[in-house]
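After this come two complexes, each holding chain A, first together with chain B and then together with chain C.
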Partner chain A sequence: MSAYKVTQEEVLAVSGVDPKKCMRCGKCSATCPAYDEMEYHPHEFVAMVEKGEIEKLAQSKSLYLCMTCMACIQRCPRQVEPAKLVEAVRAAVIRGKGATHLKPDALPDMLDPDLPQQAIVSAMRKYTR
Partner chain B sequence: MQKIGVFVCWCGSNIAATVDVKAVAEAARSVPGVVFSADYQYMCSQAGQTMITDAIREYGLTGVVVCSCSPRMHEATFRKAVQKVGLNPYMLEVANIREQCSWVHKDMAVGTEKAIMLMKAAVAKVQLNAPLEAGKSPVTKRALVIGGGIAGMQAALDIADAGYDVDIVEKNPSIGGKMAQLDKTFPTLDCSSCIVTPKMVEVGQHERIHIYSYSEIEEVKGFVGNFDVTIRRKARYVDETKCTGCGACMEKCPMKKVPNEFNQGLDTRSCIYIPFAQAVPKVATIDPNYCLKLNKGACGICSKVCAAGAINYEAKDELVTEKYGAIVAATGFEVIDVSKYDEYAYTQSPDVVTSLEYERLMNAAGPTGGHLKRPSDGKEPKTIVFVQCVGSRECCDPGKGELRGGKPYCSKVCCMYTAKHAMLTKDHYPDTDIYVFYIDVRTPGKNFDEFYRRAVEQYGVHYIKGAVGKVTPEGGKLKVQASDLILNEQLHIDADMVVLAAAIEPSPTARHLATMLTASMDTNDFFTEAHPKLRPVESPTAGVFLAGMCQGPKDIPETVAQAGAAAAKAIGLLAKNELVGNPCVAHSDEWMCNGCSQCETVCPYGAITYVDKEFKMPDRTVKIRRVAQVNEAVCQGCGACTVTCPSGAMDLKGFTNKEIMAEVDALCR
Partner chain C sequence: MLGESERRPMSTIYSYFPGCTLKNKARELDAQARGCARLLGIELEEIPEWQCCGGVYPLTTDEIAFRLSSVRALAEAARRGQKLVTVCSACHNVIKQVDHDMKAGAAIAEKANNYLAAEGVAYHGETQVIHYLELLRDEVGFDELKRRVVKPLAGQKVGAYYGCLLLRPSHVMAMDSAENPTIIENLLATLGADPVVYAQRNECCGGYLTLEDKSVPAKRARAILENARAQGAQTVVTACPLCFYNLKKQEEGTGVQVKYFTELLAEALGLDAKEGE
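Up next is the complex of A and B:
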C-alpha cells in the first residue's frame, strides 16, 4: 500500500454527492442485496464520508462487496446516491495505489470483438495512472 | 409653496447614539420649504405627537417629515396624529434614520451625514405630495366557503352563528370531507363519525347556511367585499328538492360494480348512490360515467322505483351567480398515488394498502364491517408492517432521476395516525405482531407523545428506526426487507399486510381555484398566507381566508382552530358596512396610454382592464382608443404596472414617478 491518502474532498468532488442531504432513514441499507457481507453498510458509508472517516472506508472490504446494482440510488428519498460514494472511494483507492495495472501493450491480447469500446476506455482510465 | 415641518426623533439612544439629531434638525432649517424643525427623545410618544400637532397649528404647516424609525413601525401613528389637526395624512413622510441609518452605522459623522440626506429626500418628496382620499366600497354581507370538510364546515358554522349568510360549495355529493372517512381520531381515540356527523347535520339544518353540494367554482370576479362568483351545479340527475334519501333506487340499480370512493375503492357501490349513510344532503346522485340509461339509453329502473319522482335523466349542469363579501378556501387534501413506489409492491398485492385504506378496513361502516380482514383472501393478518414517510420528506430534484410524486415536506399527521392504527389493531386483535418503521417519530402536540409511547410501552408495538427497502409478495406472504439502524441489522419479516403512510398533497382542484381567486400558492400548491406568523389565516389577496390542509399539513384540532380564526377574520370583514381602501393605488393617464396591455398582464391582482373610450382629439375629431383603467378597490399599490408601462402612463398615487425622482435627485445633490 502506498502512502497515498484518499481525501474527503476528492471523494465528494468525484462522486458529486452531498452526504449532508442524508436524513438517516436507512433505506439504502434496507435495500442493499449485499448487506450481510458488508463490514460498513451503505448508510454508514454515507455517514462516514460526511464525517471524513475516509481511511477506514478505503481499508474496508465492503468497498469491493458493493455490486453497484444502484438500488440505493434509485430508492433513496433524499437523492443522496450512496453507490456513487462507494464507486468514488473505490476509484480513488485504485488510482492512489500508484501502480499502473493495465498497460496499453497488454490490450491486444485481451481484445474481444464483443467488448464495447467504452469498456476499454473506462478500464484504461481506471487502472492506469 | 409648501410649508414643511421636520421632526427628528432620538429614539432614546437608538438614533441619538449614532446620529447627531440636533445637527439634522439644524440642517433641515436651511432646506427650502422647511419653516420649522425640532428634535425630541420619543416622537411617537404623546408629548412628541403633540409637538407635531402644535407646530402644524402654529406655523400652518402643509407637510410634515418625521425622521425616525421605519415607516412600517410608526407611519400609521404619525398619519393619525396629523389628521387630527386637519392635515391630509398623505402629506406626511417618514425618513427612516433608524433601521437604515443609525443601526447600521458606527461612526457619528457618517451616520449624521446620511440622516441629513435621508431627511432632504423626504422633504423633496413632501414638496410634491398631494392630498389623497381613500376610496370606499360597500360590503356584501354574505360569505362563501369553498370545501365542505371539517375546515369548511367549522368556518361556515362560525360565520353563520355570527349572523351572516354562508354558502358552502362542495365538489362531492355530500359534505363531511376526509374526516367522515376516518375511524377514530387521535389522541383521544373518539369515534370520528360520532363527532363529525352531528356537525354535518348542524350545517345542513342551519338557517343561514346553504350547501351547494356536487358543485364547483366556475368563475370568480370582483374584489374584497364584492366578489361575484359563478358556481357550477353539476347535473346529479336527481331533483334535490324531491329526493327523500330512501335508498330504493340504490337497491334496484343493476349497475353495482362502480368503485366506491368513500371506501377508497376497496369495494363497489351502485351507480345511483348516496355516498354514505350519514350523508348531508341525503340525496342520491347518478354517476354519469357508469349509468346505463345515460350512456346506452337502456335501463331507467331508478326512475321507475322512485316514489318521489325525483329522477331526471335530462338534467343539465346549472350555473348560479352569487355575490359575496368574503371567501374562505378550505379545499383540503388527497393522499398521493403510491403506485410509483413499487418497491413496496402496492400495485402487486392488494394486501399492501395506504393508511386511508386501512382506516376504511378498520371502520365499522367500512367494506369489512370493521373486522380487520386483508383484501386478498379475507384472512385476519397476524403480522402487519407500517411504513412511515412514503413520499414525504423527499428531495425532488428532477435532475437526479425519476420523480415519483414525492413531497419535500413532512405530512405531519402520519406518525400519530400510525400509532393510532397500531393501538386500535392491538385492541381488537392482541396477538397481532406490529412493526412500525420510522425515520423520526414526530409527535409535538398536546398528549401526542404520551399517545405514541403508549403504543410502544403498553401495547408492545415494535417501533424500529429504519426504512423498508422492498416488499415482495410470495406464497401468500409479503416478504419485507428492512433496516434496523439501532441494531445495525437488515431485517427480513414475513408480513400479512403492509400499510403505507402515504404523503398528503393539496387537492388537485386547488391550483385552478387559486388562479381564479388570484390567491398565491407555494411550489407545493399549498395556499400561501399573507404573513407566515402574523397573518396565518389570510391570503395575500384581500377578502380571501384560508382554513385547513389547503394551507399546509395539519391535524383536526389545528384545522378546526384555523377555520375558527378564518371565520373570525371573515366576520370582521362582513361586519363593516364599507371598506376604506388604500389611496396609494395605480392610476393611468389615458392620454398617454398606448393600449399595449403590458400592465394588465403583469398585474398580480387582476386590477387592470382595458376599455374602448371616445376621445375628443385636438383636431376636433373623435377617436376611439383602447386605454387601461385601474379598479382602485382591487389594486394593492404594488407598482408593478408603473415600472412595466413603456409610455409612462401608469403612475402610483403617493409614489409617483416625479416624487421618487425628486427623492433620488435630493440624495444625489
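Up next is the complex of A and C:
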C-alpha cells in the first residue's frame, strides 16, 4: 500500500458517477456475483463514496473482487453504475508508487496449460499499472 | 482517414479482429469461425498488426492508452470501409464500448485522437462493430443459414451461455435484450437443435478472478452448469474463451458438455474438421 491518499474528488471525477442519484434499492448488491466474498458491497461503495469514506474502501480487498460483469451497471434503476466507483478507487490505489496489486513476477505460478491469454491480460489490466 | 469516395463499397468482405486468445488457447474458435464464414461465402479479412484489446473495458474515464488498440482497429476498418467482426466476447465488448466512447465521450475521443494523430489516425465512430453472432443473424440471416445446414443438430438439447460481455451494457452492445436474450437460442434452433433456456445464462462465470483466486469462478461456473442441467441441457455453448475455461473446469460430474458455439455451427454446416485448421 502506498502513502498516496485517495480523495472523494478524484473518485468522483475518474468514475464519472454521481452517488447522490442512488435511491438505496440494493439491486446492485443483490445481483453482484462477488457479493459473498466482498467486505463492502456495491451499494456500500456508493454510500461510502457519497459520505467520503474513501480510505476504508481503498484498504479493502473488495476492490479486487469486482469481476466487471457489469450486472450492477445494467440493472441499476437510477443509472448510478456502482462498478465504476469500484474501478475508480482501485485505479487510484494501484496507480500509487509500488502499490500494484499483482506483481508480474508472481504470474508464472498462477498459470496452467489451458488458461486463456484473456485471463492474464484482463487481470493485468485490472490489478497492475 | 479516407474520404467517402475513396472507400471500398460494402460487400461480403468484413474486417476481422481475432484477438490474442483466438491466436493461442482458443485456436479452434478462430478456425471454426473462419471456416464457417468461408462456407457461407463471407470473407473475413484479418486486420494487419492488430493489437490486443486488453481483455476488459476500462470503466474509468481517464484511461486513454487502454482504449487505443481498439481505436486503431476501428480506424483501420473505417479506412477499408468495412464492418468490423469480432468472435471473442471480450474483444467484442471492449471494442464496442470504446467505439461508443469515440461517438459519445467527447473528452475521450479528443484525447485518443490526439494520441493517434502522429500515426495519421482520426476516428469518430464511423465503423459498425458486429459480433459473429450478429453476422449470422443480421448479415447472412437465419433463414439463409437454415438452408445451408447439411447436418441438423436434431435432438441435441443445448443451453446458450451468454455470460456478461455480449449483452452488457445493453444500450451500448445493442445485440439483444440484456435479460431475455434470444440470439443464440434462435441460432441453435436454426441449426436444428433444441435450445434450453435457464436462469444463469446471463450471469457471470467469475471472469479473470480465476488468475488469482480459483474459488469464485469455480462456484459461479458450477452454479451455471447445474442450472443448465436442471433445465435439461446436455451441452452449453459460449463465445468467450474465459467463460469456456471457467465452465470447462467444472464440467466433470455435471452431465453437461461445454463447447464453443462455432463447434455446433461447424458440425451443422458440415465443415471438415481439418479444413478449419
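The rule is simple: the second predicted complex is superposed on the first by the 96 of 129 C-alpha atoms of A that agree within 3 Å, B and C clash if a C-alpha of one lies under 4 Å from a C-alpha of the other, contacts with A are read in each partner's own complex, and residues count from 1 in each chain.
The working rule: contacts are C-beta pairs under 8 Å (C-beta built on N, C-alpha and C of every residue); 3 or more make two chains touch, one makes a residue touch a chain.
What you are looking at is a predicted structure, and each value in this text was computed from that prediction instead of being measured.
Looking at the shared chain after the overlay, A:Q74 reaches both chain B and chain C. When the shared chain is aligned, chain B comes close enough to touch A:H41, but chain C does not. Judged by the touch definition given at the top, the superposed model places A:L115 against chain C, while chain B stays out of reach.
Residue contacts after overlaying the shared chain place A:C25 against chain B, while chain C stays out of touching range. In the overlay built on the shared chain, the residue A:L65 is in contact with chain C alone; chain B does not reach it. Looking at the superposition, the partner that touches the larger set of chain A residues, chain B or chain C, turns out to be C. In the superposition on chain A, A:L12 contacts neither chain B nor chain C. Within the superposed three-chain model, A:I94 lies out of touch with both chain B and chain C [touch as defined at top]. In the superposition on chain A, the residues of chain A contacted by chain B and by chain C overlap at 71, 73-74. Against chain A, the residues of chain C that register as touching in their complex are 19-21, 24-26, 52, 54-63, 66, 88, 90, 164, 167-170, 178, 203-204, 206-212, 216, 220, 240-242, 244-245, 248. Residues of chain B touching chain A in their complex: 343, 389, 393-395, 397, 400-401, 406, 439, 465-470, 481-485, 488, 490.
Remark: chain A residues 13-16, 33-34, 37, 64-65, 67-71, 73-74, 83-84, 87-88, 91, 102, 110, 114-123, 125-127 touch chain C in the complex.
By the touch rule above, chain A contacts chain B in their complex via residues 21, 23-32, 35-36, 41, 43-44, 71, 73-75, 77-81.
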